[in-house]
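Same chain, two partners: chain A is paired with chain B first, then with chain C.
Presenting the complex of A and B:
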């Protein structure tokens, strides 16, 4: 039953890009191996123990309606039973010790990346309810700031330095590694190395308030060349739009509530309260991986974010229809 | 060997005089004055069963919301209140009050052969203060002031900055109410076990259930203060502007988690050990054989109580603590498997060598074996740090702890109810309806919770009010929700069975299961004085090993509420003491204390001005009554 369970479940669920069984990194693969090892040990134990209880019950089963007299004490039988229980306890302890040793070994393997030299360093800061992503650089103007979509190069060690701006969140990309809490007041280093290119989803795993359910992110693993190219593009400030509607959109952006929370580098918008929008158009999703980055979705999000994510920090923006269209056109130029 | 026989013939008229002396006060106000442990025990059970149903309704609401992606049954605010209320209700208002207080208060004095629990007024007070906590939390919920930060209410989310309003304060004060209640009962039960045992019931003859209750009482006494401290610190952060948990002012968010789980993990054993106590008791009765491995089981129980305090960090593996500490807590968490395994092996051996009689309680115990074991084994997976990094805070954990808590507490609870309800109400429960109840509940439970393992492994986090259709979690969630209907139907069958059997069930008699412990040596339901002639004990199963002329305790007066105090180790009679008798003051004190607790949510000065009325109520409670001749302890040596 249990053995075929995961297979049946795998048919019901798409293991795809958000599952601990789709390991795309050495870390996730080690953990998956350990999981199956312990799973099969537990499976065997379950079958044996339940078989013993079933047999024990069926052996001398009595359907009598009344209660039977109590069996007399049997010291020879007690001694034999003592041997059985003693042996079973010893086997249990040895099995648990084996699990402990394998756990420590796998834990060391998962954390062995921490000794790597020259990792890609990324600061991830949890916010209610989105992820601020910063690629720090000693040269301030080379620092990249983005949100929710974390680009990493394949085959290179990556270290995520965690922090939180408000409450506790938990960073969890199941295909890549286990989870790590983002604690306000603590910073910790979380290492991994992605081996297979692809887009892997992750989600906040520590309850963090109203929109905990819609606090996704993705890890986009690409070749080192693509990653370098992406990074070069992200470093650039936003260019001036040439299209007249986009130009008008920029004016709307800078004269409405948008500027109160968002940054678009290269313009007067420099607030850090919400996600950095300098290269918004290069992202695939918006609202912490809740909506696709399309004209319609962006329009819906700007006008009434409270309907899509009730409780989100972004306030509704009842823009005039042509202003709204202009802003979206402008945002789409932010490649 | 004698199974159960009346131990002696009492003098004519003694029963009437005892009934007069130990009479439970009648009438409306009498209800509030009553301090007899059977009445208070039943009240704990009924009240916590009501909270079980309320918590279950919340669970059903959550399951309906999650039955399909982007469901609009409820918004995030109501969902967050609902799941937080579900957890808080089930842990603080159902599981501990039912498994520890309810069964403990009812069964322990009977099993000790005592006429009442020790400190009966404190016991009654503990009941009212528990009801106060439950009312506070639920009235808050109905006024849209239900806690919305989870049953654990981690800072900083529950701090003043991110949870303005009074929701978290209601929760934090509910903790104080219920923990005061648990502490009070722990003192009553531990004292009863140590000082009120029947002569002859030495420590090594104590029924396993009493060992478990003693261990749990100690765990309560050491664990509950931690959560009262942490909830009070949180309350102070919120009301008087301290910064214990505010990182901006040097406070520490991990301190909260350490203190909370230092309580929170022993709490799991406080809920689970009463379950195993019921298992050990019923296995012996229905296998018709002394439990095999009395000493290993007792050692295991006590070891579990101790080890329970050394595993709390496994709730915090994802916080990024150093690997060396994680390995220590993995080792401790795996070690605690051993005592439970010992108990499983002893149970299976007992059944193997016995003649199993599959009566209703035993059916539920078999349900416990099948269900709890899955939870225990998934616990081994969770104890392994790397696996925990993946499945922590996912539906895998939800599945795990429902297998452990429903398996380890609810299944034994129903076994215990089917076992002791005949004692409590004097009539047997209907067998057929009991079986229907079991199968509905068993199938529904597994349908609801087994599916959750897969959801967790495939990435569904806990405490989400909805999920996107692209995640493909819809099918399994719908399947999981469908199990709720079966479980609810099962509980309805139980309630119908209860009322029907109460009206017209078969009469139970003193000892319908031919069991061996002293709780069956008295009529069902027991009279107000419990035992006409307080019994003595000749072996671990008092009734199975009773001598043909087993002595009784003589010399207790029947015109005064006298109880016998025995030595805590060898149960030699030491002296007589007077039971304090009914009083309205525990109730009034609980009202006064409750008002102070509630008022302190709104102003810290309530503690200051509240001290006077609380003090006055306590003085009235303890006021000595001069007329009674035996108020002083009679330090005379006792002979049986």
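Presenting the complex of A and C:
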């Protein structure tokens, strides 16, 4: 759309990692185009209305200031006003119809750009309050399970198959596409193709309980080679740690509450209640994009998650200091 | 008259506030002071049935609808259903009948979860945080109606996927025993 760049700069809009401007995908570009079309129409209407109001307000009636003005009967003026109102109504209807047609066309474009034979298929399952991400494969041991971080290759069609484990969530990566509700027990296909590499933030867009606001995810768009490399690493089960402290941490992990909810493939921990931690250290954030994946943040999260995200399903874990340190060391070996 | 009116307003407010207790939720539970596990006794000194009633358990979990619903979630997530099914039993004994092998008091059930029991019940000590075990206790006791009436939920969480046998529409059998298909 003409003038988008300078206007966006003038309005101090910074197309960041969580913005519908400066779209990173074909779908987002279509949606942004529609946005600016409607914006400019509304802008013109706004200017016209304000101009008409100003003109009417500036009209000067001569007469006694204490009396209400009595307008003389003016048939020619009435007829002119009638024409004016009639034209305005017709123009309004035509404009609204035009916007409707453009909306439908944009919707079709957003959907039709995506009927590809060989998409990257990703299951995204909403949980209170995190995202389970599965790259299914007919071979069970080639399936990748991770959480809150969706890696996609640039320039390839991607289809997200949505689902929810508890309540209705909504998947919304504004740089990439619109919103799609995640309904429990009902899967729907959500297509997009990212054209620009980068890290884009997404957010749950349907109120889903106490920590709805802290239910973020990120889409990491990278070159197909990097994506293949990432996938290859994620498929591997967790190795046995060599460091003695990490080995102790593994024992603590397997004998405390961690094992009741989390999976670390390659160990006895196999519960699906919480996020899969097999490659936790390869992720940039923890707790659904709430904290950075650092030693301190992980410690705080393990000991008292209810302080950071009150109501979250993870229970407080008052581990002994030595045990806590060992567990974190173990978690950091899970590359 | 106005005094009477004031009294009515105050009484209404007090009543509505008292109803909130049922929904109390505690996200950062204080660690329990007394160690229940060391005081619960599965049997008395003499052989045979001579039950020892354990000391009263923290009642906050037995009187909170939130605790019961959390307990139900955990009952599923921690795979209690794997052996006890949804109360009807399977590998493990049923939980919705009136037979309590190791006692029906909250502290008894708590000790059973934490210590494990012979013939299969694993011990969840250290695995399940104590407050969550108490929530599971509340749910287990709700299965056989041992909770106060205002705490147990009046509806089940899941949809009835089929009507009761009484209201099932009558169907005509087909196949080898059905006469209709062959007569066509």
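Rule of thumb we're sticking to: the second predicted complex is superposed on the first by the 300 of 335 C-alpha atoms of A that agree within 3 Å, B and C clash if a C-alpha of one lies under 4 Å from a C-alpha of the other, contacts with A are read in each partner's own complex, and residues count from 1 in each chain.
Everything that follows uses one rule, which is that contacts are C-beta pairs under 8 Å (C-beta built on N, C-alpha and C of every residue); 3 or more make two chains touch, one makes a residue touch a chain.
Nothing here was measured: the structure is a model prediction, and the numbers come from that model.
In the superposed pair of complexes, A:265 makes contact with neither chain B nor chain C. By the document's definition of touching, neither partner reaches A:151: not chain B, not chain C. When the two structures are aligned on the shared chain, A:93 is found in touch with chain B, with no touch to chain C.
Of the two partner chains, chain B is the only one that A:59 touches; chain C does not reach it.
Touch criterion not met for A:250: it reaches neither chain B nor chain C. Judged by the number of chain A residues each one touches, B leads among chain B and chain C. By the document's definition of touching, of the two partners only chain B reaches A:179; chain C does not. Shared contact residues on chain A (touching chain B in one structure, chain C in the other): 310-311. Chain A contributes residues 255-257, 259-261, 271, 273, 304, 306-307, 310-311, 315-318 to its touches with chain C in the complex. Chain B contributes residues 1, 3, 75-77, 80, 149-150, 154, 156-157, 161-162, 247-248, 251-254, 288-290, 292-293, 296, 318-320, 323, 326-327, 330-331, 334-335, 337-338, 341-342, 344-346, 348-349, 351-358, 366, 369-370, 373-374, 377-378, 380-381, 383-394, 450-451, 453-455, 457-459, 461-468, 471-473, 475-476, 512-514, 516, 541, 544 to its touches with chain A in the complex.
Considering their complex, residues 5-6, 9, 12-16, 18-21, 28, 30-31, 34-35, 38-39, 41-42, 45-46, 49-50, 52-53, 55-64, 67-74, 77-78, 81-82, 84-85, 88-89, 92-93, 96, 99-100, 102-104, 106-108, 110-111, 128, 162, 166-168, 170, 172, 174, 177-181, 183-186, 188-190, 201, 203-213, 290, 310-311 of chain A touch chain B. Residue ranges on chain C touching chain A, taken from their complex, read 25, 27-29, 31, 77-79, 126-129, 131-132.
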